[in-house]
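Before I ask anything, let me first share the structure, which is written out below as structure tokens.
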Amino acid sequence: MNLAVEIAGVTLKNPITVASGTFGSGAEYCEFVDLNKLGAVTTKGVANVPWEGNETPRVAEVRGGMLNAIGLQNPGIDLFKKRDIPFLGNYDTKIIVNVCGHSIEDYLEVVEKLSDEPVDLLEINISCPNVKEGALSFGVDPATVEKITKLIKEKADQPVIMKLTPNVTDITEIARAAESGGADGLSLINTLTGMKIDINTRKFALANKTGGLSGCAVHPIAVRMVYQVANTVKLPIIGMGGVTCAEDAIELMLAGASAVAVGTANFSNPYATVEIIDGIREYLEKHHIEDVKELIGAVK
Amino acid sequence: MNLAVEIAGVTLKNPITVASGTFGSGAEYCEFVDLNKLGAVTTKGVANVPWEGNETPRVAEVRGGMLNAIGLQNPGIDLFKKRDIPFLGNYDTKIIVNVCGHSIEDYLEVVEKLSDEPVDLLEINISCPNVKEGALSFGVDPATVEKITKLIKEKADQPVIMKLTPNVTDITEIARAAESGGADGLSLINTLTGMKIDINTRKFALANKTGGLSGCAVHPIAVRMVYQVANTVKLPIIGMGGVTCAEDAIELMLAGASAVAVGTANFSNPYATVEIIDGIREYLEKHHIEDVKELIGAVK
Amino acid sequence: MKYKEKAIVIKQDQLVEGIYSIWLKTENIAHEAVAGQFVNVYTPSAGHVLPRPISLCEIDAADNAIRLVYRVVGYGTEWMSRLYNGCGVELFGPLGNGFPEHDENKKALVIGGGIGIPPMLQLMRDLRCPKTAVLGYKDELFLMDEFAKAGSFYVSTEDGSAGIKGNVLDVIKANELEADVIYACGPTPMLKALAEYAEAENIECYVSLEERMACGIGACLACVCKSREKDEHTNVNNKRVCVEGPVFNAREVAFK
Amino acid sequence: MKYKEKAIVIKQDQLVEGIYSIWLKTENIAHEAVAGQFVNVYTPSAGHVLPRPISLCEIDAADNAIRLVYRVVGYGTEWMSRLYNGCGVELFGPLGNGFPEHDENKKALVIGGGIGIPPMLQLMRDLRCPKTAVLGYKDELFLMDEFAKAGSFYVSTEDGSAGIKGNVLDVIKANELEADVIYACGPTPMLKALAEYAEAENIECYVSLEERMACGIGACLACVCKSREKDEHTNVNNKRVCVEGPVFNAREVAFK
């Protein structure tokens, strides 16, 4: 049975990675999840300089999911290169580095600093607020998406995966823009913007007021967007959004994803990733499928 | 204690109505829900002519909610006028008629035919696919929203509530367009587009492939959008999306809604509406609040 | 009248692998119900927002109890299968129209296929006319005793392990069963085949349909089937399975 | 080592209105744990995606059991309160750093406020130095017997129904309690006041903080507190309560 899949020329031993920001750089999980078993580890977003992130509370539970407004706290690319990449180098898994920035220059600086690093894929988070252009995220405007993709592609030594935000009217338009810009693949979906108010204290549950909704509540939206994008562009897709069990991962693959990331489910069950890999194997066995790649986009 | 609220000059005896499409025209529920207790009944969307709707299956359960693709089946405005409006006239509750159409002319025809009817408010569903302009919904383009609002306002005898779709990049832009067009109020949110695939049969759960996600899964998105819109335009808002209990309704009011509609929760509990009204009363008592209007937009 | 009430489990058994029988003590539902109707079963999970429609297999009005026989297919039925005596279950019903009044002079064939067999039991009991049941199983048999007490019956199995190898139509043809009226519940292809057979033979035929539902009371328009004529309520060629059905005169239905 | 395991309830009691005590038999957690650490409790509801962090109140390594004392505030703690002997509970732990090694020659004040009292019990037991506990209650007292057995203690209540009317600082001042080191857990305003007091009096002070968490193991950066110095791991002035804490030297923390 073949579990390996390919994303932009990089072979993952199986389709399962983690969703950026839910797994650190793997160090915290490696005590109980054997990182060698994962198709890839996707790191928390890293910027050119350290970011402090938002005030707390940064997370709140909602039905079927959670809101987060971590604010992309990160130690900056220099410490990340010194500590996190060498750590991941100890494991037989692919390394996907998630990159964030407040300006195009921020992104480019990180990408350049990663050029001589043993990193397999770059995942560019364009849901970050664009401080220069009024704090709307980079990822909502097709022209910006195309431009940023093109500029990053010029500097990047690794294949570039653009990570799309679902908070848009037409995800296919954004996907096409990324494709035009030369992206090697797409990740979707990032979180949906939500809010929670405590009716007794009359306070926002998050210090940031709004936060990103993730968890099984968003899964049907992820399936829809992966399906739409897979039927619009030719790029490989890393699908994510509410993946909690093997069924969810398979659903995203049938919709068109080549690989699948597990995010919020790591919080509900620290073993979620490895259990999902086992579940995919069982499904393939049960349905007599030799190659997991047969699932990709199999439902039209 | 005052439970009454006002929407565009119309007084609802309490803030609770039902979400269009989940309650028929009330006839099916009146056997066990006393319609006199509701602030208003919002009817299923009605078009100028009967619509057959989509193929079945039309609904599918997902975690924390459901997908629906009823396809706006409706008996057409003529039968609706003869049967549904007189039926609702027997009750001491306000009547909100939800209007759908495939073209601007469709909407205008319905609105004109309602002009001499004892209807209190018109709720214009602009999430319907615009068949003339390539099946994207009317509600995603600000210019179209402004135009359709203006044209409807010219014909309408009742105050006009524009019902917004959440499947947009910037809900405040759409809300502003409706305000510019002369809307008397806004309803939000309609459903988020989602999809479900059965991994064993490899079939879409809905005949229509995609469907609208509703239920508690979408509630944090509804709260966010109501908050953003309430802080952008001056129009009264009917808030909805995943309201399951009194807490949810109060949360939407604190975020800025003047009234709240209960949708999918009617399926989980046919008594949801009246239980929510009771729950609001209890909350006001417990917090010594004399007037429910004090809740509207109280959290900034 | 429809009632939303908390019924109490008074007996639960596994009939065969994956098929369970549950007796529930109701407050009002059993008194109101007729054969062919169904109830909505509410699960305790807030994350599962839709009720589960399950047909009445038996109605014991005297004891105010109903029996549901169901196959475990997912979350809701799995949860039901773990209920035990004394557990409370939120029910809403009785829903749907049930089988029509019958003519005591007409000879009836009562046909059930698979998990469509249980809904035919109460009807089989209630009919005061010449009647024969035809039960089409996949392999394992269930509810045999009950049907035996209610009248004569034939059996088919897909694997031939009991009765005729084949389906209910094979039984009818092999035994040259005659009827003035057919009542049937089962998979749609079976119902469609029966409807065509009945039309060809000019037999009155009632079929109990299944469709995905949300409200169960006619409000949401989720559960429609295509009808040959324009439906009075919907004003289009769609009938609501939960209100105009689940039992339809086969001639009304436009099978796909 | 951290373990995810299914612990078994061996005893559950309500201590006072809304506050419960639960003893859980663990496989490994009790053997690894030290005072001041916590466990993540997983609820059975798929709709509730986050674990509930609860501090260890007692650790019985011999019997491989832990005690949690918790206030019912929402879904998870309400569910916990309904568990009974034999129920399984998914736990993950022990998490966090726990209280630091202590100096047997230093005089310790062990301070708990409200639901911050239970986490101080095991520490109070473990300390091999001169020690006094100060327990600040709102009104109803709990864990009195246990603290009585562990050493001397003072009590304050907000309503004055027992001990000194006021808070823990009032107790310290009224009794002129002296200390070389303070260990404290409770509401943030109390911890902040104690930190300022300790700084002014030049007393070593350890506080156990609380913050909203997701992962509980340092991966998600949900649970940070502001630190005075740049933190080595995060490279900014944020420390993770779930890893660098929950117990911090008060001087490290920049209280808001």
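Residue numbering begins at 1 within each chain, and the chains themselves are lettered A, B, C and D in the order written.
To be clear about the criterion, a contact is a pair of C-beta atoms (placed from the backbone, for glycine too) under 8 Å apart; a residue touches a chain by one contact, two chains touch by 3 or more.
Source: prediction; values computed, not measured.
Between chain B and chain C, the least number of touch steps comes to 1. Simply put, of A-C and A-D, more C-beta pairs touch at A-D.
Separation between the centroids of chain A and chain B, computed from CA atoms only, is 34 Å. Taking the mean of the C-alpha atoms as each chain's centre, chain B and chain D sit 47 Å apart. Look at where the CA atoms of chain A average out and do the same for chain D: the two points lie 35 Å apart.
Shared contact sites, meaning residues of chain C that touch two or more other chains, fall at 46-47.
Within chain B, residues 63-65, 216 each touch two or more of the remaining chains.
If the chains shown are joined wherever they touch, the resulting network links each chain directly to all the rest. Interface of chain C with chain D (complex): residues 45-47.
Residues 63-64 of chain B touch chain D in their complex.
By the touch criterion stated above, chain B contacts chain C in their complex at residues 21-24, 28-29, 31-32, 44, 50-53, 56-61, 63-66, 68, 70, 73-76, 79, 215-216, 244, 264-271. Of all residues in chain C, only 1-2, 4, 42, 46-51, 92, 211-225, 233-238, 243 touch chain B in the complex they form. If you check the complex, the residues on chain A that touch chain B are 62-65, 67, 136, 140, 167-170, 192-197, 199, 202-204, 209-210, 213, 216-221, 223-224, 227, 242, 247, 250-251, 254-255, 283, 298-299.
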